[in-house]
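The next part holds the structures, each set out as structure tokens.
Same chain, two partners: chain A is paired with chain B first, then with chain C.
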Partner chain A sequence: MKKFTIVMLILIGVYLALPIFATALYAFSTEWNKTILPEGLTFEWIRTLFQDTRFVEAFGRSVLLSGGAVLLSILFIVPAIFVIVLYFPSFEKWFQASVVMVYAFPGIILSVGLIRFYSGTSLPMILAVLGVYVISVLPYIYQGTRNSLRNVQGRQLMDAAELLGASKIEAFRKVLLPAVYPGLFVAALLSFSVLFGEFVLINLVVGSRFETVQIYLMSKLSTSGHIASAIVFVYIVLMGILTLVMAIVTKKAKGMTRA
Partner chain B sequence: MSNVVLKDVHKQYQHTKVLTGIDMNIEDGEFVTLLGPSGCGKSTILRILSGLTDATGGTVMIDGKDMKNTPPKNRKVGMVFQSYALFPNMTVYENVAFGLKMHKKPVNEVAERVGRMLELVGLQEKKGAYPHELSGGQQQRVALARSLVVRPKVLLLDEPLSALDAQIRKHLQVELRTIQRELNMTMILVTHDQEEAMSVSDRIFVMNNGKIAQAGTPSEIYTQPKTEFVANFIGRYNVFSKEQLEKLFGTNIAISAHKYAIRPESIHLQSRVSSYPLRALAGDSVMNGNVIRTTFHAGDKSFTAEQLHHRASAFERGTEYQLFVEPEDVIALS
Partner chain C sequence: MIMNRKKSVLLILVPFALLMTFFFLVPLIYMLISSFSNSDGFTLEHYQEALSSSYILQGFKNSLALSVVSAFVALVVSLLGVYAMTHFSEPVRERLLILSNLTSNFSGVPLAFAFIVLLGNSGLFTLALDSFGWDLSFSLYSWSGLLLIYIYFQLPLTIMLLYPIYSGIQQQWKDAAALLGASTFAFWKKIGLPILFPGIAGTFTILFANAMGAYASAYALTGSNYNLAAIRIGSLISGDIFAQPELASAIAVLLGVIMIIGMLLSEGLIKKTRKDLSKR
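After this line comes the complex of A and B, so read on.
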């Protein structure tokens, strides 16, 4: 039985990893049309990709849009989560309902809604998308922040700091924020990686007027398979780095709160 | 002048009454314990005193000053929490120094006072350690040092030792009392551990259902419980109705009361002139440290008697004994 489980796990692992591995390999292959393995290996496609100013700009836009949305979430949503979780826990159910609503709207419905609502206004559509992004990472930011607050017993830390002479703002800034920082950082990275890979909304609402990595990838799929694979490879490496950073930070955070 | 005064303090959460008519006068340098079962409102009193929770009604005064509208940071009240509440991102030194830095004390003074406080709690060696690198007992000492270093007028201790094992708890109880006497500081301890309350307190307030059931010195509380709740909570008193007791003694009881309490150690084998006699069958005996507790059965009523360990062989299971109780040891309960 144990043997069967191990074999099944290996098969599933191979099934999941094979497309990623093949895509990465294709990004480094000279030719790979009539043979089982690539005819040769090259850095040409990666080099070409990074020499293409369109890609670099698209990459920059993706980072700007995703990073900006995460930053705005941290600035506006996190303080609200702090206040509700620590001082008005009875309101938390409303927050949880909002979190569920984020999942309730499919991208296509959201896009049509955004276009119908904002297209007649002077608001640039990219800002409307940014606004949606800020809200769409709510589940990750909320869970990460709330769990961190509970893990460090946030209310007691605030109480202890206040009794030692700190104002609420000082207690928040000097005690609570550094204590929950690892959890918050992980939530931010997770949100960033989710937004970085978002395609439906940005493509339908803004399209090529604000080309992100995902839109650039879409355009390259029909022109060069090698370049498209190189984009996916770069994307996977970026996500891998983010995951590694999250794992390290989470491990450190666990050590910090272990009593 | 009383250091801490609570006058008719009430607390209500929506439709639930948590505290009803709490009156307390706590003197300067007194070590007072609020003792009661979980949910009786004792921690709420600490939170009201510290300003972390507002009372629904009544007055809280510290050093003669009404604390209404005084924020926690200006009350000069320290608090040690059950879960320690140490700042996880700061070292032991930084934790202890935090309060002094908030009070904008000069760097030299901070270093000097933190050093002295760490010496007092025996943690100089650990000043560079983070909370998660310390044992529970060490963490609680840091929490104590952190609260004491800012020299609060009153130190509130919210079940600070309950998460520790028995040996460390007993050691810290002694240490806490020693520090309190050394600094002559007013301390208010919340606990549900009767032994802890008895061993450290100048006075105990026994609480039940958001009210003070009885207040007094440990000796008064132990020897003169006023109600059945206090008798049961503070010791392992035997509680009898008038009928049960008169049937047991075979005579009328002079003092009229609804219920009576007798301490297990007041039931003995030696007869005196005025003793009440009672016959009972010995049941199981349980050893509890240096004390042997034996259950006796007399008719449908059971009760316990306690003896020091070296006398324990006197009671054999299944044997009927003639026991005695002195009239002054029969306590009338209200």
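After this line comes the complex of A and C, so read on.
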């Protein structure tokens, strides 16, 4: 039984790794149409990609849109979570209900609602997508903020700081925020990586008028396999870096609360 | 004074409430209303059209089958895989989890492309099998091809959700059961799995919903050709010539209803198991 399950674990690993390795290999191969393994290796595709202003601009748009949405949700949603968790715990079940709803409704349903409602208004569609992005990272932001508030016993920390003469704002800025910062940082990175990979909303609601990396990749899918694999390779590397940073920060934060 | 402070604290909730209202609730409610209306006012015709069109119903059938099968396969495989992880020390387990998380963002268009590289018309495996003279008559651009992709993006999520559930099973329980003469198999059948069941049912629901709402991979692979509920919605809302936004709204509402029913079913199942467990 034990051996069988370990074989299963290895098979899962192989299944998850294979598409990644194949794409990476394709991104660095010269000719690969008839043979099983590529005929040679080259950096040409990656270089071409980064010399393509269309890609660089698309990358910039993706970073701007996802980063902007995460920033806005930290500015507007995190304070709301703080207030509810610390001072109005009776509201928390309503808040959790909205978190579940946001998590449950997929982009394809939301995009219909967005198009129906906002196509009749003067609000630019890209701002409508930005607004939905800010809301759609709610589950990750909520989970991260609430867990770190619980871990550091936020309410007691605030009360203690206020008892020692700090104003509410001072206590928040100098005591509470640094204590929950690692958890918040990880939640922000996670949200960013989820939004960076978002395709449904941006493609259906805005389309090629605001070309993100995902939309650029879609357009290269049928025209150039090598360039497409170079894009996917860059995407995987970026996601890998983000995941590793998240893992390291989480581990450090754990060590801090233990000490 | 205290009332004022409470009010000023409540002000912090206003931006969140506005965002939630205008970018989530209002669009969804507007979609619900538009699915029931035409130029004359209230109507059920869009639902009639959706439910009497064999093409749209086929899309729902394909989506349901793909979601149930991919969730089931990912669940069974991950149950075994995560069980294997419990044999390793904590640092090793953590590293394995990080590796699994690395792939959790690999979905949608990039994932579809990676599978084209592997199994597409001139993919790595397709060419390799050809050169051996094997013809599997397998097409990536079909239901079974999509199933492979769906299983792929379900796996990291399943592992992430099952891992903490497993760690709820404590070594002492296994030792106690073994002392009382239970085999490993008997332990899992009588104690382990019933305790895990609510978590497994909850995980299944999330996976089901995850697959029902998935759009990008299938779209990247087959355009609007492969018939799924999500693909139907996409082509009806964005079609330049034949856009039928009211019909798209009705299908989107039906999709939402199916997902809510799935959630309620699993909730009921979980409550029932908890009751049965506490009766024993």
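What we mean here is this: the second predicted complex is superposed on the first by the 258 of 259 C-alpha atoms of A that agree within 3 Å, B and C clash if a C-alpha of one lies under 4 Å from a C-alpha of the other, contacts with A are read in each partner's own complex, and residues count from 1 in each chain.
Simple rule for what comes next: contacts are C-beta pairs under 8 Å (C-beta built on N, C-alpha and C of every residue); 3 or more make two chains touch, one makes a residue touch a chain.
Remember, it's a predicted structure, so these values are computed and weren't measured experimentally.
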Side-by-side fit of chain B and chain C on chain A, or clash: fit
Where does A:P178 make contact in the superposed view: on chain B (first), on chain C (second), on both, or on neither? first
Going by the contact rule set out at the top, does A:L157 touch chain B (first), chain C (second), both, or neither? first
Have a look at where A:M125 lands relative to chain B and chain C in the superposition and call it first, second, both or neither. neither
One more residue to check, A:I84. First (chain B), second (chain C), both or neither? second
Given the touch rule stated above, what does A:I20 touch, chain B (first), chain C (second), both, or neither? second
Does chain B (first) or chain C (second) touch A:V70, or do both, or does neither? neither
Which partner, chain B or chain C, is in contact with more residues of chain A? C
Touching A:G165 in the superposition: chain B (first), chain C (second), both, neither? first
Given Cα centres, how many degrees, to the nearest 10, is the angle at chain A formed with chain B and chain C? 90
Look at the superposition and give the distance in whole angstrom between the closest pair of CA atoms, one from chain B and one from chain C. 8
So chain A touches chain B in one structure and chain C in the other; where do those two contact lists coincide? none
Residues on chain C engaged by chain A in the complex (per definition of touch): 9-10, 12-13, 15-16, 19-20, 22-24, 26-28, 30-31, 34, 77-78, 80-81, 83-85, 87, 94, 96, 98-118, 122, 124, 127-128, 131, 151-152, 155-156, 159, 184-185, 209, 212-216, 220, 230, 233-234, 237-238, 245, 248-249, 252, 255-256, 259-260, 263
Which residues of chain A touch chain C in the complex? 1-2, 4-6, 8-9, 11-13, 15-16, 18-20, 22-23, 26, 33-36, 76-77, 79-80, 82-84, 87, 98, 101-102, 104-118, 128, 131-132, 134-135, 193-194, 196-197, 199-200, 203-204, 207, 214, 217-218, 221, 225, 228-229, 231-232, 235-236, 239-240, 242-244, 246-247, 251
Which part of chain A faces chain B closely enough to touch in the complex? 152-153, 156-157, 159-167, 170, 174-175, 178-179, 181, 255-259
Mind listing the chain B positions that touch chain A in their complex? 50, 52, 71-73, 75, 77-79, 81, 83-85, 87-89, 98-99, 102-103, 130-132, 136, 139, 146-147, 150
